[in-house]
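These are the structures, in structure tokens.
Presented sequentially are two complexes of chain A, the first with chain B as partner and the second with chain C.
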Partner chain A sequence: MRDLTTWFKAKIRQKQIREERIYSYHSSTEGDKHIHSEVEINKQEIRSIFGNTADLHTIGIRVQGREGMLSYLSSTIDLQMVNQIFMEPLSDLDGTESEIDNDEELERYMQTSFSGKKYVMASTLNQLTWLILSGYVVVCLDGMTRAVALYCPQKSQRAIEEPTTQTVIKGPKEGFTESAEQSITLIRKRIKNPKLRFEPFQLGTETHTSIYLAYIEGIINPAILQEVRKRIQSIHTNAVFDSGMIEEFITDKTMTPFPLVFNTERPDTTAANLISGKAMIIVDGSPFVLSMPATLNDFFQISEDYYQPFMMATFIRFIRYIAFLIALIMPAAYVAIITYHHELLPTPLMISIMAQRESIPFPAVVEVLIMEFTFEILREAGIRMPRAVGMTVSVVGGLVIGQAAVEAGIISSIMVIIVALTAIASFVSPVYSFSMAARLLRFGLVILAASLGLYGVMLGLFFMVGHLNSLRSFGIPYLSPMAPFILEDQKDVILRLPVFSMKKRPTSNQPADVIKQPNAHSPTPPQKEGT
Partner chain B sequence: MGYTRVIKLLLLCCVFTFMTTGCWDRKELNEISLISGIAIDKGENKKYKLSAETVNITELSPKTKGGETPSVVYTQEGDTISELVQKMNTGLSRKLILSHMSVVVISEEIAKSSLMEFLDYMDRYREVRNDFNLVVAKGVKAEEILTVLYPFQKISTLKLKVQLNTLQDEWGGDPDVRLKDFIQALVSKGRSPVAVALTVSGTKHIQNSTDIMKHPIPPSLITVPGMAVFDKEKLVGYLPLEGVRVYLWTQNKLRHTSLSVPCSKDKYINVFVYNSSTNVKARGKNDVPHIQLNIKVETILDGTQCGADLSKHSSYVDYERKAADFIRAEVLATIKKVQKDFGTDIFGFGDHMHLQDPAYFHKVSDRWQEAFKKANIEVKVDARIRRSGLDTKSFLQQLPPR
Partner chain C sequence: MRTDFVEKISLSQFFLMIVIFQLGTAIVIGLGQSAKQDAWISVGIATIYGVLLIFAYCFMLSLLPGKGFYELLKIAYGSLLSRILSYFYVLYFLYIAARVTRDFCELLTTAIYPKTPIEIISLSLALMCCYFLYQGIEVIGRSTEILFPYSAAFLILLVIFLFINRSFHSENLRPVLEFGWGPVFQAVFPSMLGFPFGEIVALTTVMVAVTRQDYLTKVGISAVAAAGTILMIFTMINVSVLGVDMIDRVEFPLLSTIRDISIAKFIERLDALVVFVMMLGIWLKVCVFLFAALKGMESITLIPYRNFVFPIGLLVSSISVFIAANFAEHIEEGLVAVPLYLHIPFQIGIPLVTTVILLIKVRRRKGEKKHEGLDNVVQSEN
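Showing the complex of A and B:
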């Protein structure tokens, strides 16, 4: 017993030491010194901070007769822009009489010659480091204790393209790119409203990634907004490369296959979410924007629903819900019926299935698992394969699964139909992360079906619905507006009624401002005279 | 913390008990055989002789068939059907399941000697569905019904299922009796059960062979001669096929039928009944039951041999009257025959009496069969000819005089 306690104490001590090391590393005071009046010393300091990285440049210049130094990272700035807007005015003024003797004069001088351009006055070396890292060109002059940082960021971003995972047939074809600034531009383009806010945060003790919290003041529920803010602020991570990494930090519950945060790479979906009172998180370097709070039915809807006639949109929504159910329970129901409930099938179908299964050496559940695993492997390979060999996967996979297995008598052909239908149905959800839930739960249900029959499938579904009921996304019940049932919101859940009938925002997001379009009405054709 | 943990563990154990109790009734499809029908004869040494027809699945699939027999019939004797079903593996290979059984054939002998107790097993056993046809083998042994193959459905009983359903739907030749109906009629005071009768027509020596499917004119075939009439659990006789139609008429179950109504000497009009409804009124007057049947039929004139002018309203009225008379005569004749020959209320008039005149029925309920024999039957038929096909004028009218 004593050994155990000492072992625990040692473990705890080890952990403390590890944490201390981590914190000391991040709160290092190195570089917190003031800028020295001698340029040469500053130059050495910067050189020592960045080491001899290849993209650091420190160039000597002369401004107003004073020796100075230009310092920047060539990888973060646009050199052409520096020359055009900053160097020309600086060198033009070289011949004039105005003297810069102290920091105040330097500031006044900057104000007159760079009015309208973005620049920052820095006084510590730490500041200088950050400015250099974030796309500024730093100018230090001899005898000055403050430095000027001129903002000329490099705009290296890919062009706006069609989204790759959330495509539509009818509707805007723009998708977000990895640049957060561009994402903000695309959103702002759609919502011309002074109440649209982007709150900046910086996350990642090593990457210092900018992320932005977007919302519309006056529509979003302040309590939810405060909760989102709080959760972002409480993230302690060293690196952020994608919004998915943020997602795990802020989600209400991680032990669930269901995503509690919605994601989109479509500016129109983002705008619609903002308008309905949601908060969005834009992460620099990720084209996927997070949206919260999210409810289950969000994952069955897509912006295109609102660009189509309402009857068509309603029909397609039905298809999505049914497809989700197929993806979830089809293999399980097949196994259960085939191994336990033979009386559920009509006799001709029973005979046909029995004839196919006559020579199959495996039990039905093994057959299902083999096929499902094969399919999952194929799917994963299809995503990761280099494009050039992608064709091979589809050809070999199609042949192996489809024909050879059936012809060899290992797999029955009805099984291929079941797996194929399940696979296709799992792609119907407009959000890829949601179909994952069906993919995972499917295996559990198959095992339950194989051991308990349809009773097991029902048990599994009961557990699933119970679990769904327990989920909350930023305090909002995940199943709302179904449970708790909100009659007013049913206009836009499984049905999609005409747009003019939705005079209020969905109340499941608990928006601060509920009224959306009070005067919307259905179109009336012009009346003929005399009728 | 520790407390919740214990609860969680217990819950987990509960879940595992579910898991470990599973699988006991798991039956893989290639480890079972479907019983497509059973036949019950009287045993020589024991009470029953059970023949079960099991399906040779590979022979029924167009892909895998190889000219073997599509079904295997195995017979053994015993005292209960339940035991016999479980014991079938004395001769057959796989586990048998009863849920797809489509026909249960009862031999005449069994039905005449009131040995219908086995129905209790059928009613009780969870694997048996309530959708099989209960049939009586008329003039042949019950097991013979199972051995006559047919080229379309291959297996005798699967053919019968389709055949009887179609016959009931198209002409009204099957009384559409299921297990529950039969038992309901057995226990009711105002009704006796019926069952469709089957027989084998043709040469018997060739029936037990797959060769039977190779002849364009089947050397032997299962046909429907009519319906068996029971007095409670005892078979008392048969009604011809027209009797089945009348039975369906009284039950308000007739969907379609076709009538050949005489219009003059040796000339007939043919009307197709596409809609029919029957309303039964039962009253006790002066200690005699009065049964009134109001039959409404809507028909299409399918053909005429008389050649009346169909552009005139009067010809329709005439035909309608003739059709109504024909139906009335047929219905009355059958009911009278049942009253006289069998004296058992297969039509369920007693049930109607129970509902419509309970005071009277309670007086006679114990001797309802006697009362039924004396019952006054009145039939009112309202027949309408709604359409006359593609022609209004028959070519018979336009024949040049000879």
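Showing the complex of A and C:
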């Protein structure tokens, strides 16, 4: 046993060494080559780096009688902007007396005529390549060993729309878009605080995707922040296209159906999470922002809870927990009762169910599994199909799952009710990734129920509780503040008490600064006489 | 496996663990049937004994703070003798774990699943407990915290339903002390000493993990008192609903009691709730006994206990099937042989002797320390 583990460790280490070698090769080959003073050589170098890609442009220019080269990727820059802020001052240069003879003079010139604009002086080819890739226009001049790069990025992003998941009735309707910069803007708009930080990182050895770690200094627990940083830095991946792709790299445990990282499309939820002492990860190219550490009750709360009267919010929260339980155990309980525990149902109800099941050729479990699978297929089809054929699937699905199956005598009509209720209940969870857990565990529970009855269901639930308790998200127990029980936090878990009663931040995140709004108090309208 | 942090349980978790541990099987199987309508008095007396016992255990552990039960054995008896004793304790805990498993299997096979083989139930239960043990005592403590509210809610609900159903017949509880104190004490000694209150001995292995050791005794005593009170109330309820004659004949009084409920012909047959309450208790008991046994094995072999979890769990599941041919034999063993030959030495005898030895050793060490202190003072003056 022990030999095996050491063997595995050695294997993993070997793999790491091999990978490190590959990475170092990638980063060192083109690097450290200085820009040549002859433009023609630089041009060839750039050409050879980018190959014959269509969007690379290397245009010859003349500045003060000096040969030069303008180089950019037309896909990453805004040409109009280049003409406006770059070409015009450059062409003006010919008329002036000031000479640009060496690198220092070039830099001085840049400082005077491009002050306020984002520009970089590059000295190596590696740098140059990277600048061209990230939306800079590069100018090389003959006789200069440094090149000027000006930032003219192309701003192609969709407009801010209402988020498609986690929608609310009352509350802000803005949602993140794929542009990280816009996401940062939306967050900054909500939290005007100098302590709000966005730490840049770059991930993906092949895609070089920029991601940002957002947090509020002084509120977040420094140990958690350090852990998040460490985990981001230890990601070795070649490509990142969505925040979901880095989620698996940073969770504490991947062998679990439950999400250990919260994700949201809503700036107000993000802001609220930041304020309560969480770290957020914004990935360029993904509208979903990750939030950590996450606990189970985060997935039952939504920003709208705080925009509604507290009684209503508490009631709705309660409904969500119940709905989760229904989505989880309803089919299993049905199978258990029909197969083993007839006596648990009142007699008239039992008789009516039995009468319906008279003509059904399958045992209850097969019936449940058929229907659940059918529903899952319909659901997946509903998401993936082209919008145009949407009607077809819903009509066919409605008929197959409902009327026709009952009339054909394949399933009982009570089964349709069970499946429908389960399906509806599974949509109540405000966070999509959490309702998936119920979807998956449901099948396990159905099989347990079929083999051991209600005892099997209880067994499954005990297992689930044990599993949930063994989970941690960035060191925070997943079921806190229920277990370990924290009385302070109960104001905002299943209940949602009035906002003024929450004078402290939830301590389950272990924030560095616990006090939230010490002077908050209930409204004090003028009292009636005699009270 | 993470070994970099110490597993801890909070005081509230510890409290709930004791309560559920005590209620566990006792609330469903029923206590002190031989005392007839005065069973609740026997339970009350046994509760006082339980409080004294947990006080004694806490006192023993407080002699050398931070040391577990097996470590105390080692300190008290030396390497060889402590190993032998630990070995016997391991066997004892395993046997009790198997007995508890058997209790549950009997409840399920007789009351709910007459056709299911007993092996399946015991195996599934043992595997579940193994999973929890593998996750550690912290997870067990937290899961207790999560599951307890349901158990408590179900019990309260049952009482309310019985009340609405007008099932209570207080005349069943009278006359009080019809046959004098004799039968009452007979019910207490010796059977009720070992079960349920004496079984706290297994919790001594858990007590080290409690965060606030200074409150250990207080919390322990209040938990045992609370559990005893609940048991007393439910003993009274059972007798007042079923009557003395029925109590003697039924195997699981609480189950029979709640079958009396029939409200509006809709709320009836609430067996599932009782089974849940029972299952929670059984789960915790098996977990704690197994944990105690595994910790003992850890202290004997010095190998982390998680390596033993699954083999030992499977062993317990098979022992639970083999220990008795049928339910009557199982109960007979539990009432006659186990209290006398197992419970009394392991729950009272050895801990008592250990406490005395430790007390002497600690006193002596303190004396030595004082001397050392004096020497130091003398030296510094020179």
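The rule is short, and it goes like this: the second predicted complex is superposed on the first by the 497 of 531 C-alpha atoms of A that agree within 3 Å, B and C clash if a C-alpha of one lies under 4 Å from a C-alpha of the other, contacts with A are read in each partner's own complex, and residues count from 1 in each chain.
Here is the rule we go by: contacts are C-beta pairs under 8 Å (C-beta built on N, C-alpha and C of every residue); 3 or more make two chains touch, one makes a residue touch a chain.
Just so you know, these numbers come straight off a predicted model, no measurement behind them.
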Which of chain B and chain C A:Phe485 touches, first, second, both or neither: second
Contacts of A:Tyr340 with chain B and chain C, given as first, second, both or neither: both
Chain B versus chain C as contact partner of A:Asn469, first or second or both or neither: second
Which superposed partner A:Ile360 touches (first chain B, second chain C, both, neither): first
Which superposed partner A:Leu459 touches (first chain B, second chain C, both, neither): both
Contacts of A:Ala223 with chain B and chain C, given as first, second, both or neither: neither
Touched partner set for A:Pro477, first chain B, second chain C, both or neither: second
Shared contact residues on chain A - chain B and chain C: 340, 343, 347, 452-453, 456, 459
Of chain C, residues touching chain A in the complex: 10, 12-13, 108, 112-113, 116, 120-121, 124-125, 128, 131-132, 135-136, 138-139, 142-143, 145-147, 265-266, 268-269, 271-272, 275-276, 279, 283
Residues of chain A touching chain B in the complex: 338-340, 342-343, 347, 350-360, 363-364, 450-453, 456, 459
In the complex with chain A, residue positions of chain B that touch it: 18-19, 22-23, 25-30, 32, 34, 36, 55, 57-58, 60-61, 63-64, 97, 99-100, 102, 127, 129, 158, 161
Touching residues on chain A, where the partner in the complex is chain C: 340-341, 343-344, 346-347, 452-456, 458-459, 462-463, 465-466, 468-470, 477, 479, 482-485
